[in-house]
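Below are two complexes that have chain A in common, paired first with chain B and then with chain C.
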Partner chain A sequence: MIAQNLMLVLVLLPFVGALAAVTQPRGAQRGPAWISGATMAAGLVILAALRGPAGATWPLRASLHWAPSAGLDLAFRLDGFAWLFAALILGIGILVVLYARYYLAPTDSAPRFHALLLAFCGSMLGLVLSANVIILVVFWEMTSLLSFLLIGFRSANVGAREGARMSLIVTAGGGLCLLVAMLILGRITGSYDLDHILAAGAVIRAHPLYPPLLVLFLLGAFTKSAQMPFHFWLPGAMAAPTPVSAYLHSATMVKAGVFLLIRFSPALGGTDAWFWMVTGTGMLTMTLGAVIALFRHDLKGLLAYSTVSHLGLITALAGLGSETAILAAIFHIVNHAVFKASLFMAAGIIDHETGTRDMRRLSGLIHFMPVTGALAIVASAAMAGVPLLNGFISKEMFFAAAADWHNGTWLDNALPLIATVGAAFSVAYSARFIATVFFGPPATDLPHLPHEPVRWMRRPVEALVFICLAIGIAPDAVLGPTLNAAARGVLGPLIPHVSISPWHGLNLPLMMSVIALLAGAAIYFPFARRISEGPEGPPLLWRVRAVRLFEIGLLAVTWKWPRVLHRAAGTDRLQPQILVLVCLALLAGLGVTFGRLSPIGQRAMLAPDLAFVLMWIAGGAAAVGAAALAKYHRFAALMLLGVAGAVTCLTFAWASAPDLAVTQLLVEVVTTVLLLLGLRWLPKRNAEIPGDRLFPARLRRARDLVIAIIAGAATTMAALAVMTRPPGPSIGNWFLRNAHSEAGGLNAVNVILVDFRAFDTFGEITVLGVVGLTVFALLRRFRPADESAGRPAQQTGKAGEIDDLPMLVPSITIRWMFPVLIVFSAWLFMRGHDLPGGGFSAGVTLAIALLAQYLGADTRWIEARITVLPIRWIGVGLLIAGLTGMSAAAFGYPFLSAQARYVELPGIGAVPASTAMAFDLGVYALVVGATVLMLIAIAHQSLRSARQRERAAEEEGEAA
Partner chain B sequence: MEAVLALAIGVLTASGVWLLLRPRTFQVIIGLSLLSHAVNLFIFSMGRLRPGAPPIMPDGGFVDPSRYTDPLPQALVLTAIVISFATTALFLVIMIAARGLTGTDHVDGREREQ
Partner chain C sequence: MSLILTAALIYGQVALAVAALLALWRLLKGPRAQDRVLALDTFYVCIMLQLLVTGLRLGNPHFLVAALIIALMSFVSSVAAARFLLRGEVIE
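Take a look at the complex of A and B:
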């Protein structure tokens, strides 16, 4: 149990650390680095502890429930392979943190850097430890996103932004393919559990969906591991700060792809398709990557293509899939991570100290920085595969695996040859790196005079090079058990133990190594001058740039084609868009129901009620009238809209929905006032619009009339079809049965709003608050049209004609009504749980009370006496509702679970008191705030233009 | 009775849709309001019409749901009423701001070329 919890802590810890790092003060340098280092060190300690007790019982599993109904658990498992990867992630992570502490400039934001690095580390750990393939994809995409942020860390730099974008598009696109592959896997095996899928290899391989599955899966793995033709993002990503390259592009991010290949090779591998695609791509990438690397002039570019090449090697091994190949692949993952991280760091030191990474300018650095130089030489020797260094041994194992017989195809037979060629080029570029940068005459025209870096910046490189040597000399003692455990994690517990030795006697792999070393030297040294003077790429190939193709494609997809499509089919006019929308909705409705639904069902209709019929004759006439008059007679249309609303309200009341009737009535009042306020800002419509009686306009109106009548007929039939059928079982019955016993309320509608479905209401009042604020914000820079800015006609009479006290009687009445309305609002609120009412209607009532004051008197007179702060009401309302919801957590219930009881108040009697009531109070405050804010914001526009007029008049007066 | 309400919904919808397709912003606002009445009544009618049913339950004890109106469409409509008010307000503000900026109340921000 302890081990399980430790494993969960291991995954969560980096994210907690990231949170701690990002909350450090802006300029902090030391703090974030310590947090980051300590987090990774703690992770390593946990990992060491897990190795002790868990060694016998691997895989160790732990899970947190997340969405079990969808087969999704936060499930993690640890076996030897995952353990080795986690150790790499954390171990190299610590060294990178130490290196970054001295690498980052004071202007770089260290808190952001370390937070991103830790979050990335956590995502990588999650990726390698996931026991659920969907969770694995989630972590996979998280690494893509965080790598985007890390590569683009210096976002002021164009190269960094473009490199980051390219890597995101390629790797996240691959991630999508991977997600589909995992969904197919889940469908084939019936489970998203990794162990279950790995055990179902035979079923998967025999399934008809295996070929598409394999292609999608490989697209995911190849994009991440920069296999050709997706390799181009990795050199582009070299715009990242060097610690990021050292971490992401040696040990972690790019290794995720090969991790996946190796992890799934027992389930998906072993077929011809797997061999051809994986080994073929791997060998091609290995050779071409090595060739291109030789011709790069940029130090990090050389290392990037070298990484591409080495990843190809590992991919090829995963494609072979034999026990020795898998062991060699895992071993090479470790070795490559170690020497490549140290080389990236050394390249960063060189860049830092000399100011350039161009190998044509660098020369003779061994004279300036002997220690760093020696370290880099050893590391690149390991990269070239020189004996007694770690790269040599895994490369020997690769040669051995390549020379073995697998399936006798031409690719299998050619493997030793291709491997030797690739290795020879790998020797050649290593030789170029050593020879041009460190030897030769001391460079004289460098931007800075180079010298050794600070001691602590070199320590990580020293540690890594020491590991290269240690593994190279005593591989079995250093890594033997770990590697065997990792191989058992992949292939199962029954495979024989392999001991790794640096010397296997005079055999074919040794011969291949020797040939590669000699051939590499023979490739590089005769052509050294021509390579450094030539273009940045191999002969013939350098003109074909995958990056260019990618950019052309991207431009076409995101810019050219959309514009063509927009020109061909787009419009920026609203009417055609709405027309299309309405017609599509009609067609969709007809398509679903045509011929399947008779318009009238079996349920007997209620006897017609004359009053109801008359009411709706009036209502329908009002609606049609509003439609006809809205163009030239806005005020009349608004009044008719009010009639339609009133009839709707009466219908609610008639059909036993008093809550709706009350709310509809109140909202109708507010809406009408709102639209009245808006009328003033619209253009005068005294004259006929030109062309309104011409034939095209008439034709448009006729067309729209037809569409409108069809829409009306369709809704009539739909409503009738439903109403004349008996109701099915409704969850409304459940609400009715439980409203009182569960929530202590007698008004089921209100109980649904504030208790059963309170979360929906919470979302709704948030929307209301947002709309209120939006209205407010939109009107802050409101500029009325010139003709509306003047004094309205009603106010332009001669002095004396305007009464000093307009509407004296209504004004006094409204003022006296204010307390009454407040009490009415409180009454509506209090009775809401048991009787019609509630937060919504009470809130609108209070808003109307306030609004009436504005109507009845001069705005300035009112505002001198009542201070309403609507934005505070909104904020307080949302806070009350949110806090009430969260208070449920104190009793161990989910968000917004309500508590209800009746409380005896002295003098008043039993009063329902529940947390739902507090929630309703929040709704109430928010509705008041939002409604008042909208109305006042619009009403104030008149005041504002009045003030502007006064100011202008004053200025004129002063000028005169 | 149901037929009357269904017809009423149809008339409201037709008026609303016709206005929605018109070129002046104020017409569109009135159209949206009419349409929202129609939609609210439509959702409400999904619970079937029960004039004269008690809307409030008696205090305590077991209730027979079939004697009451379905509270679910009512709860839906209640929130819909408030939200349609909010959208009307938002659209109104956009309407008057657009009129100030473009000088016209045409939905496209410019008059149609004749």
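Take a look at the complex of A and C:
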């Protein structure tokens, strides 16, 4: 049980660390680094503890319930393979943290960097430890997202942004393919559990969906592991800070793809399709990657293509799938991570100390930095596969696996040859790296005079190179048991123990190694000068750039085609859009109901009431009048809209919906003022629109009128048809029955809002707050049209003619009304529990009260006396509502469960007191805040233009 | 409820509706914008009274709240409109 919990802690720990790191102060450098180092060290301790007691009972499993109804548990499992990967992730992680502590510039945000790094580390751990394939894909996509953020860490740099975007598009696209593959796997095997799927290999391979499944799965793995033709994102991602490259592109991110291939090879592998696709792609990538690497002039570019090449090697081994091949693949994953991380760090040191990564400029650095140089030379010798270093042994094992007989196809027969060629180029680029950077005449024109880096920046490189040597000299003692445990984790507990030795005697693999070393030297040294003077890429091939193809494709899909489509089928004009929308709705409605639904049902209708018929005539006439006048007489149309709204409210009241009537009346008032505020900024339309009386315009209007009448009639029919039928069993009755007994309120509408459906309300007020803030933000940048920017015509008359004391009587009335309206608002709020009213209408009332004060006097006078902080109202409202909801958890109830009772207050009597009321208070505060925020934001436009006029007048005065 | 009261209330309702229609007539016809603002204010008064009379007739106290809101707050939109006409902007 302890072991299970420790495993869950292991996955959660980096995310907790990320939270801790991101909350560090902005300029902190040491704190975040300590947090992330300590987190990873703690992870390693847990990992070591898990290895001791649990070694015998692998796989170790633990799970948290997440969404059991969907078959989704946060399930984790740990076996030898996952253990090895986790150790790699955490171990190299610590070294990267140490390195980054000295690499990051003071201007880089260390808290952000370490938080992202830790979150990435946690995602990788989750990925390798997942026992549920869907969770695995979730962590997989998280690594894609976080690597996007890490690669684009220096977001001011164009290259970093583009590299990050490219890597995200490629790897996240692959992740989507992987998700579909996992869903198919779940369908075939009936479970998303990893153990279950791995045990069902025979069923999967025989299933008709196996080919598409395999293609999708491999797309996911290949994009992540930068296999051809998806390799191009990896060199692009070299714009990342070097610690990120050292971490993501040696030990973690790109290894996720090969992790997946090896993990699923027992279930999906062993078929001809698997062999051809995986080994074929791997060998192609290995060889081409090595060839391209030789011709890169950028130090990190060379390392990037070398990574592509080594990933190809591991992929090819996964494709072979034999026991020795899997062991070799796992071994090479470790070795490559170790030497490549040290090389990336060394490249970072060189870049840091000399100011350039261009190998054509670097030369003779061994004189300036002998220790770093020696370390880098050893690491690149390991990369080339020189004996007594770790790269040599796993490459030997690769040669042995390649030379074995598998299925006798031409690819199988050609494997030893391709492997040797690839290895030869790998030797060649390693030789180039060593020869050009460290030897030759000392460089003279470097941006900085190079020297050794600070001691602690070199320590991680030293540690990694020491591991290279240790594995190379005594592989079985250092890694033997771990590797065998990992292989057993992949292939099952029954495979024989393999002991790894640095010397296998004189055999074919050794011959291949020797040939590769000699051939590599023969490729590089005669052509050294031609390579560094040539273009950045292999001869003939350098014109074909996968990046260019990707960019052309991306441009077409995201820029050109949408525009073509938009030109062909879209319009920016609103009128045709509305026309199409109305016609479509009309056709759809008619198509569904025509001939099947008579407009009048059997339900008895109310007797017509003469007064209300008259009122409705008035309302209808006003609505039509508003539509007719809206074109040239906006103000009159606005007044008519007021009439239509008033009649609507009356109808609500008459149809027994007093709540609606109350709310709607308040909204009417606010809307009228809002539209008047906006009207001031609209340019006046006095002149007629040209061509408005010509025949085509009349014809268009006639057509629109016909469509409008038909649509209106159809809507009326539909409403009539619904209302003249008896209502079916509705949820409303349940609310009416239970409003008082369950929630203690008599006003069912309000009880629904703040109790039964409180979660919806919570969402709605959040949206309202967001809308308020958005309106505010938009209006801050609002600049009126020139013709309405000046002083309104009414204020520009001669002195004496204009009214300097406008509306003195209403102003006084408004000031007197302020306390009355506040009391009214409080009254509406309190009675909302049992009678019409409630937080929303009370909030709008208070907003109107505040707004009225602005109307009654000028803005500056008001703001000198009342300070309203609408944004604070919004925040407090949301906080109150949210905290009220959460308080239910203290009593063990779900979010937003309400408590209700009446409390006897001395002097006032029985007062309803419920948590729903506190929630309603949150609604109240938020509504006040949002409404006031929006209205005041518009009102301040006048203030701003007034200030501008004053400033202009002052400047004129000074000039005169 | 006595017959006289019912008849009076119905008469009140119809009379208020006619008053509202007349106010609407002024609103539609204008001619000045000031006439329209005045007409809208009158219309709101008619609606408020209509709510009260209807509430009396139906014996429903909830109509009172809506009427109260019109009484307390509908003047805000009239003031806003008046300021718009007098000064050219609603809030200075």
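The working rule: the second predicted complex is superposed on the first by the 596 of 960 C-alpha atoms of A that agree within 3 Å, B and C clash if a C-alpha of one lies under 4 Å from a C-alpha of the other, contacts with A are read in each partner's own complex, and residues count from 1 in each chain.
Please note the rule applied: a contact is a pair of C-beta atoms (placed from the backbone, for glycine too) under 8 Å apart; a residue touches a chain by one contact, two chains touch by 3 or more.
Computed from a predicted structure; not experimentally measured.
*Asks:* If you stack the two complexes on chain A, which partner ends up touching A:V437: first (chain B), second (chain C), both, or neither?
*Replies:* Neither partner.
*Asks:* Should A:A881 be classified as contacting the first partner (chain B), the second (chain C), both, or neither?
*Replies:* Neither partner.
*Asks:* So, does A:G620 touch the first partner chain B, the second partner chain C, both, or neither?
*Replies:* A:G620: touches chain B, not chain C.
*Asks:* Per the contact definition in the header, classify A:D760: touching chain B only (first), chain C only (second), both, or neither.
*Replies:* Only chain B; A:D760 stays clear of chain C.
*Asks:* State whether A:G837 touches chain B only (first), chain C only (second), both chains, or neither.
*Replies:* second
*Asks:* Which partner, once the models are overlaid, touches more of chain A's residues, chain C or chain B?
*Replies:* Partner with more touched residues of chain A: B.
*Asks:* On the A-aligned overlay, A:P658 touches which partner chain: chain B = first, chain C = second, or both, or neither?
*Replies:* Both: A:P658 reaches chain B and chain C.
*Asks:* Tell me the contact category for A:P683 with respect to chain B and chain C: first, second, both or neither.
*Replies:* Only chain B; A:P683 stays clear of chain C.
*Asks:* Check whether A:L90 is in contact with chain B, with chain C, with both or with neither, and answer first, second, both or neither.
*Replies:* The answer is neither, since A:L90 touches no partner chain.
*Asks:* With both complexes overlaid on chain A, does A:A20 touch chain B (first), chain C (second), both or neither?
*Replies:* In the superposition, A:A20 touches no partner, neither chain B nor chain C.
*Asks:* Counting contacts the way the document defines them, which residues of chain A are shared by the two interfaces, the one with chain B and the one with chain C?
*Replies:* Of chain A, residues 609, 612, 638, 647, 654, 658, 835-836 contact chain B in one complex and chain C in the other.
*Asks:* Any idea which chain C residues touch chain A in the complex?
*Replies:* 10, 13-14, 16-18, 20-21, 24, 27-28, 30, 33, 36-37, 39-40, 43-44, 47, 50-51, 54, 60, 62-63, 65-66, 68-70, 72-77, 79-92
*Asks:* Okay, in this complex, where on chain A does chain B touch?
*Replies:* For this pair, the touching residues of chain A are 572-575, 578-579, 582, 605-609, 612-613, 616, 619-620, 623-624, 626-627, 630-631, 634, 637-638, 641, 644-645, 647-648, 651-652, 654-660, 663-664, 667, 670-671, 674-675, 678, 681-683, 690-691, 694, 704-705, 707-709, 711-713, 715-720, 722-724, 727, 730-733, 735-737, 739-740, 746-749, 752-753, 757, 760-761, 764, 767-768, 771-772, 774-775, 778-779, 782-785, 788, 834-836, 840, 844, 927, 930-931, 934, 937-938, 941.
*Asks:* Over in the complex, which chain A residues touch chain C? Could you list them?
*Replies:* My answer: residues 609-612, 614-615, 617-618, 621-622, 625, 635-636, 638-640, 642-643, 646-647, 649-650, 653-654, 658, 661-662, 665-666, 668-669, 672-673, 676-677, 679-680, 791-795, 803, 806-807, 810, 813-814, 817, 820-821, 824, 828, 835-837, 845, 848, 851-852, 854-856, 858-859, 939, 942-943, 946.
*Asks:* With touch defined as at the start, can you tell me which chain B residues reach chain A in the complex?
*Replies:* On the chain B side, the touching residues are 1-27, 29-31, 33-34, 37-38, 40-42, 44-63, 65-66, 68-75, 77-79, 81-83, 85-90, 92-97, 99-101, 103-105, 107-108, 112, 114.
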